[in-house]
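In the two assemblies presented below, chain A is common to both, partnered first by chain B and then by chain C.
Right, the complex of A and B next:
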């Protein structure tokens, strides 16, 4: 376990800012204590300093997880967000997409969102903007990337993809082994 | 592309085999077939009149002519000429009206049966006398009209047919009853026979015969015969009854040990336990409770879920699940977060609510250790064997995601499910590590509370894993007990005795063995400066404590 290097921090923050924009600073400066990012076994964990101190007792090979896992660095030093980060992305998300109840299942099985399943979308969403996906009951289901801007979405045919799937909560069941 | 026309394999036209047919059509068709021609078609009123006229002369000689008149004719043999002439047309109508007024719904239900019965009878008759061969149609009609005595039944061709339908039904029922009586008598005879043989003491419950222990020869013989679970079950019941009132119901000159030995063997056979385990369980429970326990082990436990109060409330969750077609109820007064699932139209472990971490599948009994531990907000808590994370997440939820929980488990494989559950339920105050619990105080100590859910033989959850019944023996129990003692000591060493808020440890297992529970706790009480405190649960029973 070690703090992130400058490069890694930059990559991570760039990724996060696609979804939550400048709200990143709310993640780092929290009123209820100091929170920080730590790298362990290529995974990035977001953890309070209190827990961090305790975790230093644990040797590196025995430590499995601490706090919340945000994602992992690939071998090519790109950062990939995991679904486990959803708890911290959803409250700060700037651009949101709501899916209709009928299309929920399809999205939770790892499919892209089609126009026919699109319930609502935040105004002024740009193309390739990171979005958080909600059900119509405002339960966060995952996140992805907008395939079309809001304007374009209006005159798409129903079978066109509007949001590319990146992660969904169905992965808790589908990919439990590789989750963190 | 197109289908080739094959003249040799011609497709049949008309309604298919499963085409919808009117009820009763099957019984009607043979009637028409018997008739052999279209004459039996219902005639118009004019045609009927004409037919009557035509038939009058032919009816006298009673010749089996095949014509549409005949059905109405033949029956009237008893009447004089003049009468028959003016009586017949009237007959046709009245019976229908009568049948309507007389027969209630019950009679209607029986109609189908009666028809078929009549057919059978007619065939008999047809073989005997030619004239009646064609009487099937108006037999139905005339039955109602001509009320006749004739208790001689089926053998008497013409007389038997003149029974009222109600009479016939009554007769049939009488016959059935007679048959039933005979059957039951036979059965009783059989029972008596087996009873007198006495190889299995089938002490009939109503007679309250004294339960007799089978002799050794009988036991030996039993080994050769195929298993009779029913008789073994009965014997177990009788045996338990005797053991409950031993001085009153015992057989003279037999020891309690003999009864117990038989009971042990029967139970091991009937519930398929190994001898060691059944001995241990018999030592734990009095006979009546013993049976209850073994029976309970055969029954599936209800599926229960725990609401994740970090993300939702129980009322909201229940509503959401009900909307998905899940039938559920609150778990009980003692839990504010549990729900029992009775049945569900969707897989309960894959609903969007489940994936969103609003609940976790968890046995009701595994809520109790955490409730007893009662972790407080801001504390430092250790869960020594955490997998699969049900109790850990419950602790986090009681602590409202504050403080620190260290979740440890010896198996890296099983820790994956812990990590998954923690993240799914949105628990962020946890450190997950993969130590052997015995080495724990060396890693870190000073915990306010520790939960030790020790590995065990699982004799308390046989309903969940029936393989325990046969796979565990004394060596297993002792091995587990040894491990548990080590774990408990290291858990005690991890607790901070000077903690302001806590200093508590909960030790729990899913075993009922004294070796794994009372002995282990007793050992710890001797080895460390600890004492027992009430669990804080308002139900349950004391263990075997002094």
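Right, the complex of A and C next:
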């Protein structure tokens, strides 16, 4: 376990800013205590200082998880967000997509969102903008990338992909053994 | 009363005396076997099972142990004793019971490279005599070492070979050859140790070989270059020489639990810089905005033509898409080219 290097922090922040923009500041600078990012086994964990100090008692190879896993660095030093980060992405999300109840299940099985399943979308969403996906009852379901801008969406046919799937809460069941 | 008590006391004293004596002598069916060197007594009498079951088991075992210990100590008192600083000390005989060894048997030394080779070729060691005849001194002398027979280092004259350079110092040549043989032997010894312990052979790549590869030469050169007092800092470089590989800085990480506030400050600064780097004009966003304006306009026109009551001003592109969360349509007629609030 170690703090992120400057390069790693930059990669992480760039990825996070696609979803929550400048709200990262709220994650870094929290009024309710000290929270920090730590790297363990290529995964980035968002941990409170208190838990971190407790976790130092556990040897590196025995430590499975601590705090909240935000995602992992690939071997080529790219960053991939995991579904566990949703708890922190959803409240600060700048661009949101609401899914119709009928299409909810399809999304939770790992499929992209089609135009027919799109309930609402934040105005001014750009193409390839990171978006957080909600059900119509405002329950966060996952996140993905807008395949089309809001304007283009209006002209698409109903079977066109609108949001590329990246992660959904179905993974808690599907990837139960690898998720940390 | 008094006489009675006196008799009583006497009887009791006698009894106690007898008990004391009895307690020193313990009766056993079979004699115990003693190994006084190890302070060991082994009791070959079968334990009295009936008594063991009737009596309290703990008590029975304790009395048995006490009796046997008593016998052992009786035996110890038979040994010659002496007094050393107010303490009576008995001299124990040598132990007769063989004890198993504490540590495992040491493993045989791993064979050296030569030993492996000799075994493969079936070469056997031949014992040479220690003394050999020295013709010069006319006496028997040792084969090796100090005052050895036929000592070539003690020669005062060496014939220069016909092929050799006449100005060469043949004595120095011999000394140098000897030193090299010693060095080579030492290296072989270290190599054998390294092989036996399965670690990297020392000095591999830098040892002189008959045919050095390009990479080996390169490495040897790099090592030689950095082997100066200033670790090669002021060493000249060739015009197109590449810097050595794997000589860069090692990466170093911040401490796991360090200064949290400075870590936070660093991240906030980084966010500030990242914010500043965003382009002021986002073309796709501007185009999207323009498209939306047009959408809104055309939508309003369509509604106007058939409709009797054309709404002017604030409307949200309702007819066009149910997903569109209406922005303040009428207000933003002109496309704003700048992104974000400033």
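By our rule, the second predicted complex is superposed on the first by the 180 of 180 C-alpha atoms of A that agree within 3 Å, B and C clash if a C-alpha of one lies under 4 Å from a C-alpha of the other, contacts with A are read in each partner's own complex, and residues count from 1 in each chain.
Going forward, contacts are C-beta pairs under 8 Å (C-beta built on N, C-alpha and C of every residue); 3 or more make two chains touch, one makes a residue touch a chain.
Note that the coordinates shown come from a computational prediction; the quantities given were computed from them, not determined experimentally.
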Chain C versus chain B on the shared chain A, clash or fit after superposition: fit
Which superposed partner A:133 touches (first chain B, second chain C, both, neither): neither
Partner chain in contact with A:153 - chain B first, chain C second, else both or neither: second
Chain B versus chain C as contact partner of A:63, first or second or both or neither: first
Touching partner for A:44 - first (chain B), second (chain C), both, neither: neither
First, second, both or neither for A:104, with chain B first and chain C second: first
Which superposed partner A:17 touches (first chain B, second chain C, both, neither): second
Partner chain(s) touched by A:84 [first = chain B, second = chain C, both, neither]: first
Contacts of A:118 with chain B and chain C, given as first, second, both or neither: second
Shortest CA-CA distance in Å separating chain B from chain C in the superposed model: 16
Shared chain A contacts, counted only where both chain B and chain C touch the same residue: none
Chain B-facing residues of chain A, complex: 46-48, 50-51, 54-55, 57-58, 62-69, 84, 87, 104-105, 108, 135, 137, 139-141, 169-170, 172-173, 176-177, 179-180
Complex contact set, residues of chain C against chain A: 251, 253-258, 260, 263-264, 266-268, 270-271, 274-275, 282, 284-285, 288-289, 291-292, 295, 320-321, 323-327
Residues of chain A defined as touching chain C within the complex: 1-3, 5-6, 9-10, 13-14, 17, 22, 24-25, 28-29, 34, 36, 38, 49, 52-53, 56, 118-124, 126-127, 149-151, 153-154
Residues of chain B that touch chain A when the two form their complex: 320, 349-350, 352-353, 355-357, 380, 404, 406, 412, 415-420, 422-424, 426, 428-435, 443-444
